[in-house]
Amino acid sequence: MFYHDSKLQYKVKVDKPNPAFANMLQQAIGGIEGEIRVCLQYLFQAWGQRGPVKYRDMLMETGTEEIAHIEMLATAVALNLEGAPVSMQEEMAKDKVVGAVMGGMNPRHVLSSGMAAMAMDSNGVPFNGSWVVGTGNLAADMYANVMAESSGRLLATRLWEATDDAGMKDMLAFLIARDTMHQNQWLAVLEELGGLNGVHPIPNSFPQTMENHDFNYAFVSTKVNDMEGTAEEMLKSRWGSGKSMDGKGEFKVVTGAPQGTKPELGAPHPQAHAQKEQMTGGKGLSGIVDAAKKAL
Amino acid sequence: MFYHDSKLQYKVKVDKPNPAFANMLQQAIGGIEGEIRVCLQYLFQAWGQRGPVKYRDMLMETGTEEIAHIEMLATAVALNLEGAPVSMQEEMAKDKVVGAVMGGMNPRHVLSSGMAAMAMDSNGVPFNGSWVVGTGNLAADMYANVMAESSGRLLATRLWEATDDAGMKDMLAFLIARDTMHQNQWLAVLEELGGLNGVHPIPNSFPQTMENHDFNYAFVSTKVNDMEGTAEEMLKSRWGSGKSMDGKGEFKVVTGAPQGTKPELGAPHPQAHAQKEQMTGGKGLSGIVDAAKKAL
Amino acid sequence: MFYHDSKLQYKVKVDKPNPAFANMLQQAIGGIEGEIRVCLQYLFQAWGQRGPVKYRDMLMETGTEEIAHIEMLATAVALNLEGAPVSMQEEMAKDKVVGAVMGGMNPRHVLSSGMAAMAMDSNGVPFNGSWVVGTGNLAADMYANVMAESSGRLLATRLWEATDDAGMKDMLAFLIARDTMHQNQWLAVLEELGGLNGVHPIPNSFPQTMENHDFNYAFVSTKVNDMEGTAEEMLKSRWGSGKSMDGKGEFKVVTGAPQGTKPELGAPHPQAHAQKEQMTGGKGLSGIVDAAKKAL
Amino acid sequence: MFYHDSKLQYKVKVDKPNPAFANMLQQAIGGIEGEIRVCLQYLFQAWGQRGPVKYRDMLMETGTEEIAHIEMLATAVALNLEGAPVSMQEEMAKDKVVGAVMGGMNPRHVLSSGMAAMAMDSNGVPFNGSWVVGTGNLAADMYANVMAESSGRLLATRLWEATDDAGMKDMLAFLIARDTMHQNQWLAVLEELGGLNGVHPIPNSFPQTMENHDFNYAFVSTKVNDMEGTAEEMLKSRWGSGKSMDGKGEFKVVTGAPQGTKPELGAPHPQAHAQKEQMTGGKGLSGIVDAAKKAL
Amino acid sequence: MFYHDSKLQYKVKVDKPNPAFANMLQQAIGGIEGEIRVCLQYLFQAWGQRGPVKYRDMLMETGTEEIAHIEMLATAVALNLEGAPVSMQEEMAKDKVVGAVMGGMNPRHVLSSGMAAMAMDSNGVPFNGSWVVGTGNLAADMYANVMAESSGRLLATRLWEATDDAGMKDMLAFLIARDTMHQNQWLAVLEELGGLNGVHPIPNSFPQTMENHDFNYAFVSTKVNDMEGTAEEMLKSRWGSGKSMDGKGEFKVVTGAPQGTKPELGAPHPQAHAQKEQMTGGKGLSGIVDAAKKAL
Amino acid sequence: MFYHDSKLQYKVKVDKPNPAFANMLQQAIGGIEGEIRVCLQYLFQAWGQRGPVKYRDMLMETGTEEIAHIEMLATAVALNLEGAPVSMQEEMAKDKVVGAVMGGMNPRHVLSSGMAAMAMDSNGVPFNGSWVVGTGNLAADMYANVMAESSGRLLATRLWEATDDAGMKDMLAFLIARDTMHQNQWLAVLEELGGLNGVHPIPNSFPQTMENHDFNYAFVSTKVNDMEGTAEEMLKSRWGSGKSMDGKGEFKVVTGAPQGTKPELGAPHPQAHAQKEQMTGGKGLSGIVDAAKKAL
């Protein structure tokens, strides 16, 4: 279960409120690179973690920390909205700064939340639970987490560049630091799980003997000009020849000669009401009836 | 620009149509782990790629290959739906196999597509463009891609386990092999970009001197029992002490003593119409007016 | 900031795993009536709360409790999925219980999460941030919260009826009790804010003198048969006559005679490319040009 | 069935078109606080209403009225877009008013609808059917409706503040008045259903004897500082002691000592392909096999 | 404004409730082919209609009729859910019919609506406002409407096939008839607007002299095998040669020789924080600085 | 399977980057009228095509062409973003052009993609797979395609009007030409399928003898004033009398006298926990029990 402390994890100070920057901060709250996503992602991964307990514990600790980051950012949004204009009245639109502010701020910060943060991104698109990735495979999850912290730190540095407010820059410098740590933290688990050679291909519990051996270490070239010739540039690249990164194969380049045939579907199911003109062709009606019998 | 060949990249054969398995295959088409996502992700990354051209070229080649995977899976769905029941009529529900099939199949495969694949996952949730990640930072993108191919290969192995149809198992063994390659391929780029030490923290173009140095290599413990004591288990872990994975810091453990204060927001904006009872408290009305003046 | 304790707020025990019930529990996690919604709703309301501090404190405490409820339910889902079938293989479909299970379980619990809870509802629709309501008006928020706890308790009682697992019934009896408390808690704030008479109409800070006085306490009948006559049934009802609930008006019944005229729009903007045949009618081209000049 | 009259329910007049205000009005059409939501909500509640017929009738009448409100607002959007700029051409961007307008207006009002209202909110997020709440429990529905009319009236007053167009202010004063009535109307039903004491806890048809009696009237404090001590502030509050609002219990305060244990999940299912390193721990493989046997 | 009559537009009778069929009917309510979509589509088109008034009037009349269709289907869902099982209890799952029903029914019909229709499709995906198409161009709208009524009638015939309930078949025969009329109705407008020759290309108000004349009546072949040769099959087809359908051009076939060059993007913006390794290449830093100066 | 050529289908040149226009172009990429939609729509229709093979081949060729259009537009977005401002810093907001740009550009082009195109529309709403229509009925699909190319060409002409950049106007003139062709192409299929008389009502494989013959060619008037009288305007219109467009019926006008009765639902299911006050009314408890018995 969970507890809270009224104090913030790190100080949040806004020297000069800027409602357009408030909107940009929403990306770090409710966007796909944002804190609601990592918070729920780490917690759901922890709650569903099967296997060694220490990973569950660590995920839980960091998932809990992320709630505090949402809190900091939500506070920063509210402070940036203090004194924001609430009106589209003409005389205001004539003022150039107000005009810029009106254009850059989110109308729902006035209309829907009354000058407070919301669970959405900087386009007003609501947070979406599909972004919360927990696969049941620890290595896949760790890559999801490194990726989340990479795009998250990238976002935070861009927000840092977008403001000249000293308080905001200080808060972002803290969040950037946390993302540095979290990138390292998930990479540490990947090392413990065996590094590139031990971890890949993910999942490592599926017997590689069962996968297709003609294509598991082949770069497939789909460049139309190279179809009869060779793909020189790719051949010379790290992924075109030499030992594979997981140490379990040799890279090669294959040009895209199709292995399959042109697909052939049966006739439309009579009760699914295609046009009458579609009813002929393919395997014909007797084929579909046979298939139906087989299926049942 | 793009071209197509009527032949499939690899053969798709269904020995015994199974509409419930058709629904499961939808996850690999329109789900977050699916092929529409990786296809668009690699193509959008290629189209927006700035910097060395060879990465753009490679992304384009593999993005183009992924269209062929959507095609294979869409064909597999159509073939698994041949002969599927189109009716909820009572006598059919009494048959136990039909009953199971009816439960497991997707009603929209009958009602909406007339026995064909759709751009949705195995819950019928439509493909969502927010899953297409391209950050403008090559290393962040490569992690997004390793993650996509890890959850993608995981999904394919689970589908492989879920069927005993020899044709389907063969097609999935091909797709599993491609995911093996693609995991390796994106990892090869990360090696070229400098490996853990060169790549991290992502983005490596933001000067680390600007981030908060008290917290950039610290595991923050949020366990309530350890607040006054030490976090023993974490201290002994790979991420609790020793050299950081990027080689640029020393891991340490910090218990969660908050660095900030309790946040204090201004009074509600009069025209945003909070309840009258909320109007007192915080900085008061004169504060909000001052803030408004500052902001404008 | 936030902390966690490894122990659950209340015990979660599953005597007999049932993957179809696991799917039903998802509604209480990621559905609109679920715990992610109330958790984020109370926390966002707290983070944006302006005015008396005690409401902010209370919202924070209960928002924090709700994280523990997500945790309990996520644990319950994982336990209900232990031993669930991962295959659509034919011989399994023939078993009637397996068949029912396969129909009722969520395929993504196998394919995507590997037998763990996800941030979605029982149809697999992802949690959506738009459900997190925080208006900046405390009374409106309290009604949003009473409503959330009412539909939440209703859901919990329906889940209680749907299972005969003693452990699950015990856990749900706890959650039902919490919803009882939370309904009462938000109602207590409404009493403090002035009860029906003090609180309504929400927002009470907008001067009622500015609203239209012919229609602010009138039931508008839109029944086609009553248009010339009277709406007898409604006249006799609590909302058709007598003192209004907020004590500020007298209910009356008005039949729906329109107060407006048929609307008349200008001609299409030439550069917005309607069909040529639409270009005549309305105010004509000169009207649109005049309007454009006025707007700029 | 339904009929329409070409005349509007109330007059809609725009003195000076403002495309940025047109965008703000979209929130009242397709936003979560908007008229499509209440229209469909009341109609769906009516269509599914079981029990006393008079509530069905009333819901139908008011649901029908709300279609007329969408109509008024859609007309207002179209009128505010008359003469709006359709171009991003440079010379226009140099004009400060045009610049502000271009920033605040919705590009899809030009690109997609050709200067007409759309079924979306003021961020361009489409109306979402999940917002249409009908629970099958009349009291829960009434709270959903009070909440909808509270946030709806709040939105309308904010729109009223945002404009200085006399026609728009008049139209909004009408809509504000209707929301006053509708708040009162739904509250009247709650009184008829028994008031706080009769209605709560919702649903009142679940026997309270079955809920957990240690926690059904307890405020659970989750403040980390108070864990060993008492939660003084909450104890003194209306929800910390005294008779509960439903008159069926006594409020008390409980500090958050967890009642459960640390959760323990089984090992990963072998065919769900976690990493090999996860396979040990928890109940082990024999446990999962036993659970599987039990489940089938 | 709008009115309603308590009587349904057509009778709705369910002889034998079937909760799985109730779920299928949801597609006709809240699906992309469903009645909420056409209802809102016709009404929004009417409300935004500029030009000749008679089209506005007709759209309004039919939009109003569609509300009655939602009503009929919502009633049909409620009646099909009467007596549906509310439990996943084990003894029920053993019954084969109950098992099938449990698999095919929507859990939210029990959990969320208490046996009533909801604003979602047969996968539980909520109705989405983006489906409501109104372009401001009457001809484009008419095609959107023909398309909606075509997929709508198709859906209704599939539902007709899926049931053997006489009452349901009768209701669907009515709805199928209405879709027949509505297809004809929108086609009649297209004839009035000038038929194929007068209407196309849509919009007909854009001067065709401005479009690219090498490609406006050319079928572009993208078949990889035909790239150097000719596309024989397409040449012989109706769209490969001869007069175009709009009578304004001659069809021809062009093989896909690209007209453009390989795109070349500038270097990454320094403050957007790509990896350092991306900073070289493309136009280089001076190029980006120049471009920035130009843009501002 | 698929191939690509590094060269674009048509040249993309931006003379003067404009980040606000970059945002507008997003509508043509990820909007409902955009190229991702038509690309996936034609490909999915091809992959699921049953019946004559030539339609499958043609859909595949044009679906493949559309990938090249996404590519062109994504390139155009990246070029329009070169040199865009990345900051909300105060001194920049004071510049009027920058202010306008900041208002009109999409913050996620800076924050999320680092100056590149994304899979979303010009409001930042992600592409949605539900827009990909493939019905299994060729004629319905062709109308979906005509509609897509009509709204697509309309969008392209509006973008053409919105810019004065010669390179962009040239690119759009090419895309407008392609839409002209594609409108004609799908119309050609409809002619081949039999024209209005042969194709309608769609689906033409459902026996029209089974539809309701009183309403299949009747315009239903829902105008409240005409209910007892006649609907004169509609009677005189093309859809009010005379031969129907499909040549299979005679148009007539019917005023909206309801054919059904007031619906009567059963009492609430006891275990679905409506309020107690709802339990009486309707068919009563014995009715619901009888219905339940019948259903099982």
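Think of it as A, B, C, D, E and F in the order they're written, each chain with its own count starting at 1.
Basically, a residue touches a chain if its C-beta (ideal position, glycine included) is under 8 Å from a C-beta of that chain, and two chains touch if they have at least 3 such contacts.
Just so it is clear, the model here is predicted, and its values are computed rather than measured.
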### Task
Using the contact definition stated above, find the chains touching both chain A and chain B.
C, D, E, F
### Query
When chain B touches chain E, do the two copies use mostly the same residue numbers, with over half shared, or different ones?
different
### Task
Give, as an integer number of Å, the spacing between the C-alpha centres of chain C and chain B.
27
### Task
Averaged over CA atoms, how far is the centre of chain E from the centre of chain F? Could you give it in whole Å?
5
### Message
By the touch rule stated above, which residues of chain B touch at least two different other chains?
### Response
1-9, 16, 18, 32, 47-48, 50, 57, 61, 64-65, 75, 78, 86-87, 96-104, 110, 112, 114-115, 120, 123-126, 128, 130-131, 135-137, 139, 151, 154, 157-158, 161, 202-203, 206, 222-224, 227, 256, 258, 260, 263, 265-266, 268, 271-274
### Query
Mapping chain-to-chain touches, which pattern fits: line, ring, star, complete or other?
complete
### Task
Using the touch rule from the top, collect the residues of chain A that touch chain C in their complex.
1-9, 30, 36, 40, 43-44, 47-48, 50, 57, 60-61, 64-65, 67-68, 70-71, 74-75, 78, 112-120, 126-132, 134-137
### Message
Quick check on the complex: what are the chain D residues that touch chain A?
### Response
16, 18, 20-21, 23-24, 27, 31-33, 96-97, 99-104, 121-125, 151, 154-155, 158-159, 161-164, 222-225, 227, 256, 258, 260, 263, 265-268, 270, 272-282
### Query
In the complex formed with chain F, which residues of chain E make contact?
3, 5-12, 16-19, 32, 54, 57-58, 61-62, 64-65, 72, 75, 78-79, 82-87, 95, 97-98, 101, 110, 114-115, 125, 128, 130-131, 133, 135-137, 139-140, 143-144, 146-147, 150-151, 153-154, 157, 160, 173-174, 176-181, 183-185, 187-189, 191-192, 196, 200-203, 206, 208, 210-224, 233-234, 237-239, 244-246, 249, 251, 256, 258-263, 265-266, 268-269, 271-274, 288-296
### Message
Help me check something: in the complex, which residues belonging to chain C touch chain F?
### Response
154, 157-158, 161, 224, 227, 271-273
### Task
Mind listing the chain A positions that touch chain D in their complex?
1-6, 47-53, 86-90, 93-94, 96, 98-100, 102-104, 106-108, 110-112, 114, 120, 123-126, 136-139, 193-194, 199, 202-206
